[in-house]
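Two complexes, one shared chain (chain A), two partners (chain B, chain C).
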Partner chain A sequence: MIPVLGLVLGVVLGLVVSPEVPLWLQPYLPIAVIAALDAVFGAARAALEGIFNDRVFVISFLSNVVVAALIVFLGNQLGVGAQLSTGVVVVLGLRIFSNVAAIRRHLLGA
Partner chain B sequence: MAEQPREQPRRTWRPSLGTGRPQGPQPTTAQARRRLRALVGQLRPARGQLIAAALLALLGVALVAQVRSTDEVGLTQLRQSELVALLDDASARVDALQDEVRQLEDDKEQLQGQEGDEAAARAAQERLNSYSILAGTVPVEGPGISVYVNDPAGMMTQTMLLDAIQELRDAGAEAIQIGNQRVVASSYVGMDEDGAVTLDGTTLVPPYRIIAIGDSHTLAGAMAIPGGFSDSLRGAGGAVQVVESESLVVDALHEAAEPRYAQPVPPTTEP
Partner chain C sequence: MRFLRLGQARRDPDPAASMALLGEVLDPPIGPGYHSAAQARVEAGLPASSGYRTWLLFATAVVLGMLVTVAAVTLRAPDPVAAETRQQLISRIEAAQDVGDATSTRIEELRGQIQQIEQDRARAEQGPAAGRAIASAAMQAGASAVTGPGVVVVLEDATEAGEGAPGLDGTPERVNARDVQLVVNGLWSAGAEAVSVNGHRLTSTSAIRFAGEAIIVDFRSLAPPYEVRAIGDPDRLAAETSSGVTGAYLGELRSQLGITSRVDVREDVTISAAERLTTRYGHVLDDTTEEDRR
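== the complex of A and B ==
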C-alpha cells in the first residue's frame, strides 16, 4: 500500500510542481520511465508470487533506468538513436505485457 | 514483505521472451489474492516498502514531467514524414500569408498615395493663401491697428512714410494698406511734381488711414517709437492717431503683374 501511496504522491507532486525537464535529460527520460514501469510491474508480479525482494527491486529499478539511458545514449552516439529507442520500447513493452498477463493469471486465474 | 522466498526445486533454464526475472513458483489464485490483500492492508512502514515508495514517487514525478514536456515539445517526437507534412503545411501557409502581405501593402501604398495627394493639395492651398496675402491679391482680416494720419500742410516726406512701412513690417505686420492702396513687396514710395508723397505712383491725399494686420500691441508699440514715424510727423505739424482693433479688414488689392524678366531657377536634383 505504501508504494502505491508513494506513486500517487509522486504524480501529485509532479502535477503541482510541474518540473521542467532539463534539456540533457530529454532524450533519456521517456525510455527511463518505460524501464522503471517495467521494473514496477515485475515487482508487482514477484509480490504476488511471494518472491518479492526489496533489494532486487531497487537494483532492477535502477539498473533498468541506467541501462535504458545508456542504450539511448549509445544509439544517439551511433546515429541510430531513434531505432534503438524503438527497440528498447518494444522489448520493455513486451516485458510489461507479459508481467501484466502473469498478474492477471495469478489474480483472476485466467 | 512478510513472506520469505520459499525453497524451490532448481529449475532448468528456459528461454523466456519478456521476463528476465526468475520465475517464481506459480501461486494459486487464492494465494495470489491473499498476498494482494496482505500487501494492500500492510501499512507498517517496512524498509522495503519505503524504498519502493520513494522509487515510485520518483517514477510518478518523471512520468508527469515527461507527459507534460511531450505535450509541450511535440516536434521532436514526430517522424520524418510527419515533419515533412508539417513543413509543407507551414510553407503553404507562409506563401499564402506573404501573398496577403503583398496585397495589403499594395493597398496601403495606394491609400497613402491618395492621402499624399490630399496632403499635397492642402499644403498647396496653404501656400497659395500665404502667397496671396503676401502679394496682396486677396482681402484679409484680423487684429491690428489703424493709424489715422492728417497732414494738411503736406509736411510728410518719403522717408517718413518709408519709416512707417518699415516700422510696421518690423513689428510683424502681415498686411498693410495705406489709403486705398495695398503695400506689397514691390511697393515704392515716390514724389509727384507738387512735392507730395506718392505710393506706387498714386499721390496720398491727407487725411488717410494706414491699416496694418498683425499683433496690435506690437504694432502700436512700433508706432510709438520716439523719433519714429508718429514722432517725426507730429514734430512736423501733422496729426497721428493710433487705434488698436480686434478685427480690421484690409480690402485694397494689388494687381500682381506677370514678371517679365525674373524666371524661377528650375529645381536641381542634386543639392
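== the complex of A and C ==
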C-alpha cells in the first residue's frame, strides 16, 4: 500500500509542480524511465518470490538510472549517443521482458 | 595473474558455460542482491523480506512517480521553445491584423468624410450637378459603397474527389483563380456595374490571381466559399450565369469536377467601397495642359 501511495503522491507532485527540465537533461529522461522500470519489475519479481528488500531496491533503482544516464552521456560525448541509447534500451528491455515473464509464471502459473 | 587463476579455479564445469551470456540475457536471475540480502536477513533471524512499510520505499516510490510523470509531461509536449516562439508569432500576427483592420475601417471612414466634403464644396461652388458628378464618379471608380438589385454567385470547393478529374488523385477539386476570373468577366460582360469577391470590391486596377493554394484578389488571399456579388440588371446577370457562357462553364465545373456553385438573384445587393484606390505612378493631367491638348 505504501509504495502505491508514494507513487500516486509522486505523480500528483509531478503534475502540480511540473518542474522545468533543463534542455541538456532531456535526452536522459527516456533512458532513466526505462532504467527505473527495470528496477521496478525486478522488485516486483523479488516481492513475489518473497525476498523483497527495500534497500536493494533503492540501490538497484538509483544505480540503474545513474549507470544508464552515464552510458548515454558517454555516448553523447563520443558521438554515438543514439547507438548507445539503443543498446541500453535493448538490454533493459530484455531484462524487463524476462522479469515480466517470471512475474507471469508466479501469478498465472504459465 | 592471480585473479586469472582464481577465475580458472572457479570456472563452471558446465560445457555450455560459453553460452552463459545468452542465458544471462534471456533468463537473468533477479538482481543477485535480493538473494544475498534475503540470505543475510534469514541468517540474522529476520524474515527474508524486509516488507513494504518503510520510509525508504515510500520516498523511492515518490521519486519514481515524479520521474515518470515529469518525463511524460516533458517529452510529450512538443518542443517548448518552438511552441513558445510560434505562439508569440501568432499573437504578433493577430495584433498586426487587428491594427490593419482598424486602420482600414478608419480609412473607409475618412474616405467617406472626404467624399462628403468634396461633394458639399462642389455643390456650394458649382451647383448640385457637380456634387452628383462626384458621387457618380466615386461609384463608378469603386470609391463608395453601392446597393441595388443583382446576383450573388457562390463557388465552393468539391467535397469529394471526382473520378477522372485532372490533378492529384484522391484530392477533391478546388476552385481555381481562373474560375473566379471567368465568373467575374461574365458578370462584367452582362452589364454588371459593381462586382465584389468575398467582400473585396473589384476596381479597374484589381487582379484575381492564384498563388500557392490561395486565390488572391487585390493582394488579399481568400478562403472558400467564394462569393461573387454583382449589381446590375438582375435578368441579364441571371441569364448569363445560368444559360450564358458563364452558366455553361459553371455547369461543367459541377458535372466534371464536383465544384458546386449557386446563383441567387436578389433585390438588394450591397457592395462596399474598394479598399485600395490610390495610384502610385499615374498622375492626373493638369487642367491647363488637358485643355491645351484639346
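Convention: the second predicted complex is superposed on the first by the 110 of 110 C-alpha atoms of A that agree within 3 Å, B and C clash if a C-alpha of one lies under 4 Å from a C-alpha of the other, contacts with A are read in each partner's own complex, and residues count from 1 in each chain.
Convention: a contact is a pair of C-beta atoms (placed from the backbone, for glycine too) under 8 Å apart; a residue touches a chain by one contact, two chains touch by 3 or more.
The structure displayed is predicted, hence computed values, not measured ones.
Asker: For the three-chain model obtained by superposing on chain A, do chain B and chain C clash or fit?
Answerer: Overlaying the two complexes on chain A (C-alpha atoms) leaves chain C and chain B clashing.
Asker: Just chain B (first), just chain C (second), both, or neither: which does A:3 touch?
Answerer: Both partners.
Asker: State whether A:59 touches chain B only (first), chain C only (second), both chains, or neither.
Answerer: second
Asker: Mind working out whether A:106 is in touch with chain B, chain C, both or neither, as first, second, both or neither?
Answerer: In the superposed model, A:106 contacts chain B only, not chain C.
Asker: Could you tell me if A:70 is touching chain B, chain C, both of them or neither one (first, second, both, neither)?
Answerer: neither
Asker: Determine, under the contact definition given at the top, whether A:78 touches first (chain B), second (chain C), both, or neither.
Answerer: neither
Asker: Can you give me the overlap between the chain B contact set and the chain C contact set on chain A?
Answerer: Common interface on chain A, chain B vs chain C: 1-15, 18-19, 21, 26, 29-30, 32-33, 36, 40, 42, 45-47, 49-54, 56-58, 60-61, 94-95, 98-99, 102.
Asker: Over in the complex, which chain A residues touch chain B? Could you list them?
Answerer: Listed in rising order, the residues are 1-15, 17-21, 26, 29-30, 32-33, 36-37, 40, 42-43, 45-54, 56-58, 60-61, 94-95, 97-99, 102, 106-109.
Asker: What part of chain A is in contact with chain C in the complex they form?
Answerer: The contact residues of chain A facing chain C are 1-15, 18-19, 21, 26, 29-30, 32-33, 36, 40, 42, 45-47, 49-61, 65, 91, 94-95, 98-99, 102.
Asker: For chain C, which residues count as touching chain A in their complex?
Answerer: 25-28, 30-31, 33-35, 37-38, 41, 48-54, 56-71, 73-75
Asker: Can you check the complex and tell me which residues of chain B touch chain A?
Answerer: 1, 3, 5-6, 17-27, 29, 31-33, 35-36, 39-43, 45, 47-66, 68-70, 73, 76
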